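Please find one structure pasted underneath; my questions will follow.
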Amino acid sequence: MPIIRVEMFKGRTREQKRELARELTEAFVRACGGKPEAVTVVLSDVDKQDWAVAGALMADKYPD
Amino acid sequence: MPIIRVEMFKGRTREQKRELARELTEAFVRACGGKPEAVTVVLSDVDKQDWAVAGALMADKYPD
Amino acid sequence: MPIIRVEMFKGRTREQKRELARELTEAFVRACGGKPEAVTVVLSDVDKQDWAVAGALMADKYPD
Amino acid sequence: MPIIRVEMFKGRTREQKRELARELTEAFVRACGGKPEAVTVVLSDVDKQDWAVAGALMADKYPD
Amino acid sequence: MPIIRVEMFKGRTREQKRELARELTEAFVRACGGKPEAVTVVLSDVDKQDWAVAGALMADKYPD
Amino acid sequence: MPIIRVEMFKGRTREQKRELARELTEAFVRACGGKPEAVTVVLSDVDKQDWAVAGALMADKYPD
């Protein structure tokens, strides 16, 4: 029944998300047991103008 | 002062969201008391490529 | 597959949480359709010293 | 290592987000100590049709 | 800069949490690239009386 | 109507939380406008065994 939530920069491909969901689910089962069917993964794309470290927006620090 | 947050698949209409906000607010008040004015509801639409169960993206399991 | 999350003040009884989980699940199904089995509810108790409105801790505004 | 997350109405400019990230980071350091480099801020724009108070969608209460 | 958040039942040991944090971090890097140093993991223990599926508290469905 | 959420290490005093709530609320209003009454702050204490960077639990990296 675990829920795994990921916030990450926008721009991952469908293929990367597919891999990520599979990998995270297997990682949970390896570490904590249980069945993969019980694991939910929710991915969140975050824009670089909505993420800051040390008070500076990533959009300013790493412009496209 | 409760905050109710819902993550659900993208695609609900404005009318469904209106009903949902009203229903959840009333549900909270019936179960726990308090006033409806104190209840905040935040809805989050999640894309099928951002939601996985058992390690498989919903976008792969239920393609449009 | 919706996930409903509630942040509320600490102190609800088991019976109130039971009612709340049932009510929220039914509310979702009435408004948006789907099956109750697909609905997950996660409740979070928040201490009054961890909740503020207008910059004032609830623990200060409403001491026990 | 604190993470500060803000849910707010859609529509803030890049300049407001820049100010907000800087201000929140400084606010944390003033109140709790630590270094700005350790503070992460994540901003979330919420649509008025996804936010309700007292059971009423903000999009209905404050139409554009 | 990804943040991975896990909600799971209370009761995992320190050793399981250690494994979980390591496994999730490696899973992210394998699927999406980047460096492990950039990955933050936050774990949340959820009590069985705070988790419901199909409107029924896990504490009622699976009493200790 | 903004909601500001902070995840931080356990151990802040009531006085620090009071300052933090006040500072964050003022920071929001300075950057984005609006009234302090509309700002909600929710604080979350995270245990060092529930927080990892680079795959290592803070409880291992910085034991008490």
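So that you can tell them apart, the chains are marked A, B, C, D, E and F in the order they are listed, and the count of residues begins at 1 in each.
Everything that follows uses one rule, which is that contacts are C-beta pairs under 8 Å (C-beta built on N, C-alpha and C of every residue); 3 or more make two chains touch, one makes a residue touch a chain.
Owing to the predicted nature of the structure, the values given are computational and were not obtained by experimental measurement.
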{"item": "Proportion of interface numbers common to subunit E and subunit F (over half same, under half different)", "value": "different"}
{"item": "Whole-Å gap separating subunit B and subunit E, where each centre is the average of the chain's CA atoms", "value": "21"}
{"item": "CA centroid of subunit A to CA centroid of subunit E, Å", "value": "13"}
{"item": "Touching two or more other chains - residues of subunit A", "value": "1, 3, 7, 22, 24, 26, 40, 42, 51, 53"}
{"item": "All chain pairs that touch each other", "value": "A-B, A-C, A-D, A-E, B-C, B-D, B-F, C-E, C-F, D-E, D-F, E-F"}
{"item": "Residue ranges of subunit B touching subunit F (in the complex, touch as defined)", "value": "1, 3, 40, 42"}
{"item": "Touch list for subunit B against partner subunit D, complex", "value": "14, 17-18, 21-22, 24-26, 35-37, 39-45"}
{"item": "Parts of subunit E lying in touch with subunit C, wherever the complex brings them together", "value": "7, 46, 49-57, 59-60"}
{"item": "Subunit B residues touching subunit C - in the complex, by the definition given at the top", "value": "1-9, 12, 16, 19-20, 22-24, 26-28, 30-32, 51, 53, 58"}
